[in-house]
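The following pair of complexes shares a single chain, subunit A, combined with subunit B in the former and subunit C in the latter.
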Partner chain A sequence: MKFLTTNFLTCSVKECDRSNNSFPLHYKGEACQLEQDEGIEFNPEFLLRVIDRVEWDAVVSVAKDLGNSTLPQQKPVFENEELSEEDMIVLRDLHVLLIQTNIVEGEMTCRNCGHIYYIKNSIPNLLLPPHLA
Partner chain B sequence: MGKTYLLFMVQVHLNFRRAELESLADLFGVEVGNWDQYDENSPFLKVELANDEQARAWIRRSVLTRAIYEFWGEGECYSKLHENVQGNVSFDAYKLAYRNGSFKFEFDSFGGSSSGKLDRVACIESFRYLDFQGKIRLRNPDQVFTVIEEYEPINDNVAGEVPKRIFFGRLIQESDRLRGALEKYDLKKRPYKGTTSFEAELSLVSANIAQVQPGSIMYDPFAGTGSFLVAGGHFGAMVLGSDIDGRMIRGKGSQTIKANFKKYGESLQFLDVLTMDFTHNSLRKNLTLDTILCDPPYGIRESIKVLGARDPERFAGKENVEIDGQKAYLSRDYIPTKRPYSLDALLDDLLQFASERLPLNGRLAFWMPVANDENIQTVIPLHANLELKYNCVQEFNKWSRRLLVYVNRGPAYNGPTNAGHERSQTTFRDRYFSGFN
Partner chain C sequence: MSRPEDLAPPEVFYNDTESGKYTSSTRVQHIQAKMTLRALELLNLQHMGFILDIGCGSGLSGEILTEEGHVWCGVDISPSMLATGLTRELEGDLMLQDMGQGLPFRAGTFDAAISISAIQWLCNADTSYNDPKRRLMRFFNTLFACLKKGGKFVAQFYPKNEEQTESITTAAKVAGFSGGVVVDDPESKKNKKYYLVLSAGAAADEQQVNLQGVTMDAEAVEKSKRNRKIETETRKDYIARKKDLWRKRGRKVAKDSKYTGRKRRPKF
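On to the complex of A and B.
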């Protein structure tokens, strides 16, 4: 599962819809095994569109769960249509984080209800037991 | 003022062809002047468009056409064609514009061929009045001029031998089909596929009618082996899939959905596949899904199931079962039970979900199977916020399937709805397994 996908996933349990704590899920750092997929090419235009969709607070929070506390608190902005060299450096870093970083095995927990979801072979499993469905 | 163009289409999937052309025109803001000339029985359509740019935008992604040309002339025979080309009001301007560039001639035909009887060199010579001074270049010429011969087939199996109409034009844009999309995505050459994989041609057409856009998010809630994800990725969307059956989306060894994207050189487009019950959805509510495109399960090759216990009494209290001091349902290897669900209910859920997650004017497109032989009217699911834009039928022997395409118009639309009603009298599965008798 790509790091980016952590920004799209909340708890499946219906009662957690109304809670502010169900997003993002909490990633148990020591149980998460990460992998870098360097085969995915860098495309700044594509990435800009991705960044538009991203909830930055959740990016910062999940990165911290996974042991990276170096992200800025504010979402980077790219004001000029012509991207500067610094912009490109930031975008490359975000490409590595959001697109190339893959959680191969891992555990994620809802901060509201405490339900645990697992990631196996890079695929998250969001199915629920009958009493929560 | 615009110009006249000649669109050369294919005579297959006619129920989808116009929907594809209209959807692409709408997507790229192409004003097509004369739809009234459109004829299902003909592969040719002469249209007025503003400029070449519009013609290119319109046809570049198209799957059910061959190419679009700047129209120079037509005739029932070559002498009439030459007369018509030279009588074209734009003839002098066209001649001047392409006088010095490099060029080549190409030949195409429909409904038959001259079987080698046409002397192509002599035919090209007969256009000498064009007075082109540029070099003939077979590779990467500045312009390609095309002669298209239309034959009347003698019958379904025998091609015609004498052309009934000949067109001449300057190539503006070859379609995605002519540029090899069908070969590229041919299922035979796909690393990971299964019994539910959807063929390349109609999956690409579906993505066109659904108006999948580059840089947008496309979601397939019944991803299976990822056929529609591949189609959406081809058109540049960031694609996300889910399926309640984890085995399907996982693949086997090196045969995975991810491997398919890698083979196509489109790894960037593939976001992820999730093991998830679409009706218990984990995608955060404020994430806009620009397009939803899918082929829901209809109980033949895959059963229709959602999370929950078929017999809730049997599962009462099971949430308290512990293994090694941990709740069993929280363990890594826990497999939740599933219960059967009806296709009607699933489609109601799908429409409701689409109305909540699509942006205004975003499209939901999905396939629905129908048994042909019943005298029962097929009821198409409807939602108050969704306009049913297209209902394209693909006929098989005893059944058919439809591509239903909806546009999200928002709460103000207030259209008819039939959610919650039992639409189907018998299930498609039962009809299928009784041989439609």
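On to the complex of A and C.
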């Protein structure tokens, strides 16, 4: 699962829909294995499009869960249509972080209901047992 | 022709052998590719975007999304299908999730969503505790939430009968979608294909209502004729009306007399 997806995934339990705690999920750092997938092409246009939708606080907190606390606290902004050299460097970093970083194995917990979801072979299992469905 | 929907639930039907067969069959690949391209044509996306693929299976449709330059996320309920997908080096994310339990994404996540040959499964009740109507509602409600404003959803599906189409479109409308069903090749029995085409509200760049120079306090809305009548009626009229109603419904009602609706004096 891409790091970008962690910024959109919430708890599947119906009761958690209305809670503010169900996003972002808590990632258990020691159980998570990361992998860099170099195969995906750098796509600045998509990144610019999706960055508006990204909640930077959640990015920072999930990165911290996974053991990276070096991210800036402020979301990078791209004001000009024409991208400067610096913007391109930032975008490339974002690409490495959001798109190329893959969570291969791991555990995520909902902060509201405490349900644990497991990630195996980079596929998160979001199915709920019958009593929660 | 037998329908897989009638045989077993999807996570059971698409086991290792069945998903292997499905993915390697060139005929299936060809049909899936054609339907995905048609769905994309119906979506009419101007830019590359973030797309949700519901019932992605082994990623046959996802591959085409990647080719078209979109980034996608897929959900499917069959672990075997997803495992087959893993061996195919897909660029999108795969997730194991039952669409009837809702799509667990933040509001406004996706630009669009597609689904190829999947949503008819929602009309089946595979276990004692799942109710198709509730699952359809949950599916469309969460889908509406996770699409951005004006986001579109195109789903190719195989309805068993008219009722299934009806229940799917009704659930979509109740959830707030606008749109309908497109039928391709209606004459042919074999190639007839149903596409559900929905959009979630109006797009942000569409013309909004012009509220310049408008005072926002609306005048009191004129009451309907019926309400006005009820407000002006006396206590006696009220009793007469209620007694009339009960009489019409066949209830036992006290006889009308000159004393009906009169106050009881303290002398009494």
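Heads up, the rule we're going with is that the second predicted complex is superposed on the first by the 133 of 133 C-alpha atoms of A that agree within 3 Å, B and C clash if a C-alpha of one lies under 4 Å from a C-alpha of the other, contacts with A are read in each partner's own complex, and residues count from 1 in each chain.
Note that a contact is a pair of C-beta atoms (placed from the backbone, for glycine too) under 8 Å apart; a residue touches a chain by one contact, two chains touch by 3 or more.
Quick caveat, the model's predicted, so the values are computed rather than measured.
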Superposition on subunit A - do subunit B and subunit C clash or fit: clash
Residues of subunit A touched, compared between subunit B and subunit C (which is higher): B
Which of subunit B and subunit C A:His115 touches, first, second, both or neither: first
Touched partner set for A:Pro72, first subunit B, second subunit C, both or neither: neither
Which superposed partner A:Pro129 touches (first subunit B, second subunit C, both, neither): first
First, second, both or neither for A:Phe8, with subunit B first and subunit C second: both
57-65, 111-119, 129-137 or 201-209: stretch of subunit B that collides with subunit C: 201-209
Overlapping contact positions on subunit A, where the subunit C interface meets the subunit B interface: 1-2, 4-5, 8-12, 14, 17, 23, 39-40, 43, 45-46, 49-50, 53, 55, 99, 121-128, 130, 133
Touching residues on subunit B, where the partner in the complex is subunit A: 215-217, 238, 240, 242, 244, 246, 249-250, 258, 262, 267-268, 271-277, 280-285, 287-288, 306-309, 312, 315, 318-319, 329-330, 332, 334, 336-337
Parts of subunit A lying in touch with subunit C, wherever the complex brings them together: 1-2, 4-5, 7-12, 14, 17, 23, 39-40, 43, 45-46, 49-50, 53, 55, 99, 121-128, 130, 133
Interface residues, subunit A side, partner subunit B - complex: 1-2, 4-5, 8-14, 17, 23, 37, 39-41, 43, 45-46, 49-50, 53, 55, 99, 107, 115-116, 118, 120-133
Subunit C residues within the subunit A interface of the complex: 47-50, 69, 71, 73, 75, 77, 82-83, 86, 89, 91, 93-98, 101-102, 104-106, 108-109, 127, 129-130, 138, 142, 146, 148
